[in-house]
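Chains here go by letter, A, B, C and D, matching the order in which they are written, and residues are numbered from 1 within each.
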Amino acid sequence: MNFDIPADLQKLRDDIGAFVRDSIIPLEKDKRWTSHGPTEDFRQELVGLARSRGLLAPHVPEAYGGRNLSHFGRAIAFEAAGYSMLGPIALHCAAPDEGNIHLLSEVATEAQKARWLAPLARGGIRSCFAMTEPMGAGSDPSLLNTMARKVDGGYRISGLKWLITGGQGASFAIIMAKMQGGDHDGKATMFLSDMDQPGISLQRQLDSMDSSFSGGHWVVSFYDLFVPDDSVLGAVGEGFRYAQVRLAPARLTHCMRWLGSAVRAQDIAREFANRRTAFGKPLADHEGVGFMLADNDMDIYTARLTIWHSCWVLDQGGRGNIESSRAKVICSEAIFRVADRCVQILGGLGLTEDTVVGRFFRDARAFRVYDGPSEVHRWSLARHVARGRA
Amino acid sequence: MNFDIPADLQKLRDDIGAFVRDSIIPLEKDKRWTSHGPTEDFRQELVGLARSRGLLAPHVPEAYGGRNLSHFGRAIAFEAAGYSMLGPIALHCAAPDEGNIHLLSEVATEAQKARWLAPLARGGIRSCFAMTEPMGAGSDPSLLNTMARKVDGGYRISGLKWLITGGQGASFAIIMAKMQGGDHDGKATMFLSDMDQPGISLQRQLDSMDSSFSGGHWVVSFYDLFVPDDSVLGAVGEGFRYAQVRLAPARLTHCMRWLGSAVRAQDIAREFANRRTAFGKPLADHEGVGFMLADNDMDIYTARLTIWHSCWVLDQGGRGNIESSRAKVICSEAIFRVADRCVQILGGLGLTEDTVVGRFFRDARAFRVYDGPSEVHRWSLARHVARGRA
Amino acid sequence: MNFDIPADLQKLRDDIGAFVRDSIIPLEKDKRWTSHGPTEDFRQELVGLARSRGLLAPHVPEAYGGRNLSHFGRAIAFEAAGYSMLGPIALHCAAPDEGNIHLLSEVATEAQKARWLAPLARGGIRSCFAMTEPMGAGSDPSLLNTMARKVDGGYRISGLKWLITGGQGASFAIIMAKMQGGDHDGKATMFLSDMDQPGISLQRQLDSMDSSFSGGHWVVSFYDLFVPDDSVLGAVGEGFRYAQVRLAPARLTHCMRWLGSAVRAQDIAREFANRRTAFGKPLADHEGVGFMLADNDMDIYTARLTIWHSCWVLDQGGRGNIESSRAKVICSEAIFRVADRCVQILGGLGLTEDTVVGRFFRDARAFRVYDGPSEVHRWSLARHVARGRA
Amino acid sequence: MNFDIPADLQKLRDDIGAFVRDSIIPLEKDKRWTSHGPTEDFRQELVGLARSRGLLAPHVPEAYGGRNLSHFGRAIAFEAAGYSMLGPIALHCAAPDEGNIHLLSEVATEAQKARWLAPLARGGIRSCFAMTEPMGAGSDPSLLNTMARKVDGGYRISGLKWLITGGQGASFAIIMAKMQGGDHDGKATMFLSDMDQPGISLQRQLDSMDSSFSGGHWVVSFYDLFVPDDSVLGAVGEGFRYAQVRLAPARLTHCMRWLGSAVRAQDIAREFANRRTAFGKPLADHEGVGFMLADNDMDIYTARLTIWHSCWVLDQGGRGNIESSRAKVICSEAIFRVADRCVQILGGLGLTEDTVVGRFFRDARAFRVYDGPSEVHRWSLARHVARGRA
């Protein structure tokens, strides 16, 4: 049992930290960081900066220019990147691309990898993951209403997807659909499709609480979309299993990135609390404020330990389902509390966008819903506990 | 002891309720409700609607067309208005005008009332309250850095104000400044000034969490602004006392309006929870969701009782300082919890602006800071309690 | 709408307050206040003190020497009595007798009243309410396993009751049993029986968290107990309805009494916080402690308003089911938080029985379970809310 | 970075686990486990059981028959022992002896070790740590009022100590006193003294919330106690430094032991929730209960990770002051929440001593005060955070 961080990861962490501080934070006031996330040209510029520093996409396989980081390695690197909400965009380790890269690495055929994974992994393009639907197929997959049926040479897909992150600007999509008829009737399958196909249309952009996802969130309709046979991702009927392959680590990487932003918010709040006075002394000398700083410290600390342990379980080959649910609840709630306290410490300033804390607060609020709300994971964990499995 | 609502107030509540439902809620999707609040023409339109229904400004003295409602009467009316965040705009009982009307009614000379209060009370113009400064003069008045000095026939005022709600579009301002020299050296005084004066400039608009205040929030600079002698509001050197005259009830009216919005959010969440299913049954049939609805109900209930009791103390002639601090903490925190739970119940939908819950959540977050953060009021209350006075 | 307390109730409150301070608090160190509540001779002594001051049982009908207080009157009187945990014992307004008196007043025949209610109401004897069973018939009445069957001239009752407060020392019991056979098969009925009957035996005394109930808590077995026909309380088959008649107000009176104890704990904590120093200043001057005092104040305040409003609904003739559940959750949780914070303020001292705060903390913990745990009432309230009825 | 537990520690954990289950839990109903902890003869019996299994005092140096466990080793062993609150008594790794053994190992002379440490480490005798005083010298050492002055051949000590755990039955005491006069005037020194000396008297036993400490808690007076020169523990004037040597790890071992009890409580609550039904299904199938089980799981998990990381810092040679404060707050509050939820899940049963959960709840409440209340550690942590050191 030890908590040593290997020297190479320490160096990577420090390099990313310096990069974020020197190159990314100064760009946070850029108007191209809109309420729907960074624009595509801004994203490209950020990616270019990371590429030039040799820090792009450290998680992707070496074949695509990455470092093939372990889960623990990602915990170190992504937290450092998250110190600016734009850091993961620059390093191309943000959702949904990061999770899609992971999924394609695990499941795609070589041809699919060459066509979709390779350019995606190198940061040249973006992708989206079309699973959630208006009636809630995110938390309860049985509600899936997008249908696929077998036709000559491929499949026809129809349905409406909702809250599709990065829908605009994505080059391709991974589409979750339910089989209609045939051997796998009623089972879910994942399909790959370029976005510039007849049958795919962006309906409207949602105005959402968060603002750090490239392309924002979209309602996307699929109407009689044709995909050829070789566009099935993995095996027909195995969609839900792959969703877990993607989601268990994807929840953790969300935790990592936002943890980095929590550290940032705490640094901003601390600096403010030391500098700003009220009633004759610095805010930090008021127990009411000091206790908030201390609680933030403890929340950051337990969130980090939770992430590290979950990563270790995954790196040991565990499926990590329990750990992933546990980490999702612990981290999203802890990170939100940190964000909330930092807003409170900053007072009026925290309510404005003069610092990034306000933005972070809104992202952190969304995190308690994204990738399964706390209630779904709490109940999942409750089932494991009741059966003596946790 | 009884909780009867007099028949005339019941009727007013019902009339406002019907007005909000029929005339205001359908306008909530109007693009003129921006992230900086309703535009001035939209505000005028809303005010016109209330005026045509005879519901405009029920709190103002009858001389100005109102009903001169008691504090309790306001509790009933403003909660009903707050059922839409645009309702208080329409009824012209929103901050900061509502508090300014109250202050002018209490302190202004007849000439000042004729010039500034009369048009304001009738909803034709807007006003702002220039107290808060970048270094925090909101919570700790000793930090006031805007200075006024006596000159021939009047005063010269210089300083920088921050987070000035409704700064743009306001016809006049109440300005808090510290006397420099003379008999009242170091003491605070309130001044009235039209906004279109040399020496007043809007520096920039703040991007803020909330979005229901007309004109948004501004940085406003005063540079060598001249105001004539008859522009002093009340007596020289009495600024802080008047601030309390304004703030004690103003905090309560904030509670009332946002309580109305909390009731609305709960209605939206309940309707969704009854309609939307997950894991085979409506969300409302899940204890995890049901408990949130129940907690909302209890928070709304205790917030309302707190407001009513505080109003009764004020209506009995009490200063209500303790009640005002207590109500501010209890209500702002309860209302925020309601908003937070409603977002969670709505899930992804709650993160978008497809309902008003997301907007309300951000307003409710701001409320925990505005008019004194929880920590300042908690400490104020703590002092009273420690001395056996609460 | 007003919060005036009529002069006669103010006087009663002050008289009870003086009585508790002068006559009861000095007896709190008496060894006869055991971990199973006051002994019977101590109880008799306390009752005698209240009787001699003309303060005994103000809630009972005037025919039995009481003042027939309204629910609101009880709120005033019982909170004052609760300022010492022994106060309600002295005034004979403690559970379960107080609730039994209420139930008998509402439902019993004149003969039953003469035999059981009259001596009980005058404080000469005690009673118990035998509803809860080992498998939990408290929260979920369908689990009732004590059976009654019709025999010649009466009924035979068998079953095991658990956590029967005041089982030892009670002169009679109200027994809830399920009918076996006959017209009312499966329905619950309440029976009255003296405790010194063959067929009733006290199995064992439970060691419980709380310590303010006379006689402690018992496991009581009923084996082939015979009760004559005229021992049915009210109508056969109506047991659950009567349980609600008893429990809705009984929950409120629990809230009242323990609220009084919360006020006491707060007074003790405040006095300590003003007197005791740490790190160079009184504890009360530390924000960390001051905030706890303020939070206590707010919890006490909202609990009191909740009780008053609920009483008003009952006094208006409402059934108060929603209010009773709401008040149970709000008050028991608020009162527990107060107790918990007072322990924390007192530090090591709060962990000992050198003050009454430790005892009160344990009683307050039990209150979150007694008369229906928070979860049961929260869910009951959730159902009302979901249906738009709250 | 890894979370592997070495095989020898796994075996030790399993051996202790089996011992506690097989030999200790069956004794939990023994009447000799009083509300003031186990009696001395019961303690001796428990120690004998552990000795016969070769599990006694695994933390003490090998010279005294132990295994000289690392801090991490203790985390594993003490959590396993804590699965019964009597387990640490049996293994002789309970407070205050465990901390005293640690302190003596670090600071005592060889002669002192031979006289006091050796018999203590072997479990034959008990000891006490006389630091806390009625005015609170526990949290704020500057309040120390017990005085020591130099006399011929030794020192004379006078003062009153309060909440001295294990005062009765202890063979010797470590006494913290402030030097009066001489070179070290005003500085604190630790002294060793047998308890059967003239000048030491047990004043009274405190009735305390917790019940797992051998000998209970006492008020102990020192009046003109003479201790010879060689009874100074370490150097004169260094008492506060040694207090930290003792307290930093002692806080952690408290966390470890009570974490074991939290695991036990969770097991009891889970078993009950699976077995007991309400409203037609097992309690565990109710989300309200399931969520509590899940929250317990997360609290136990983060507490354990916190302990492990803190141990690792200490095992690396760190002083661990920050970690110790952080762990004290995180673990005591998490463990209390677990205890509180388990009581709630068990309902009425949880309020009785029919399970150990009620006892554990009261111990867990005390833990939030012992060894420095949450507020003191939170503030200490706040200072570190504000200075950028955490």
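For this structure, a couple of remarks:
Keep this in mind: contacts are C-beta pairs under 8 Å (C-beta built on N, C-alpha and C of every residue); 3 or more make two chains touch, one makes a residue touch a chain.
What you see is a predicted model, and the numbers here were worked out from it, not measured in a lab.
The interface with the greater number of C-beta contacts, when A-C is set against C-D, is C-D.
Ranked by how far their CA centres sit from the centre of subunit A, the chains are topped by C.
With centres taken as mean Cα positions, subunit C sits 52 Å from subunit A. Mean C-alpha positions place subunit C and subunit D at a centre distance of 37 Å.
Contacts with at least two other chains are made by residues 286-288, 291, 375, 378-379 of subunit B.
The part of subunit C that touches subunit B in the complex is made up of residues 1-6, 72, 266, 270, 273-274, 284-285, 287, 290-291, 293-298, 301-302, 305-306, 308-309, 312, 326, 329-330, 375, 378-379, 381-383, 385-386, 388, 390.
On the subunit B side of its complex with subunit A, the touching residues are 35, 132, 135-136, 138-140, 142-143, 162-163, 206-210, 217, 276-280, 286, 288-289, 340, 343-344, 347-348, 350-354, 358, 361-362, 365-366, 368-370, 373-375, 378-379. Interface residues of subunit A, counted against subunit C in their complex, comprise 286-288, 291.
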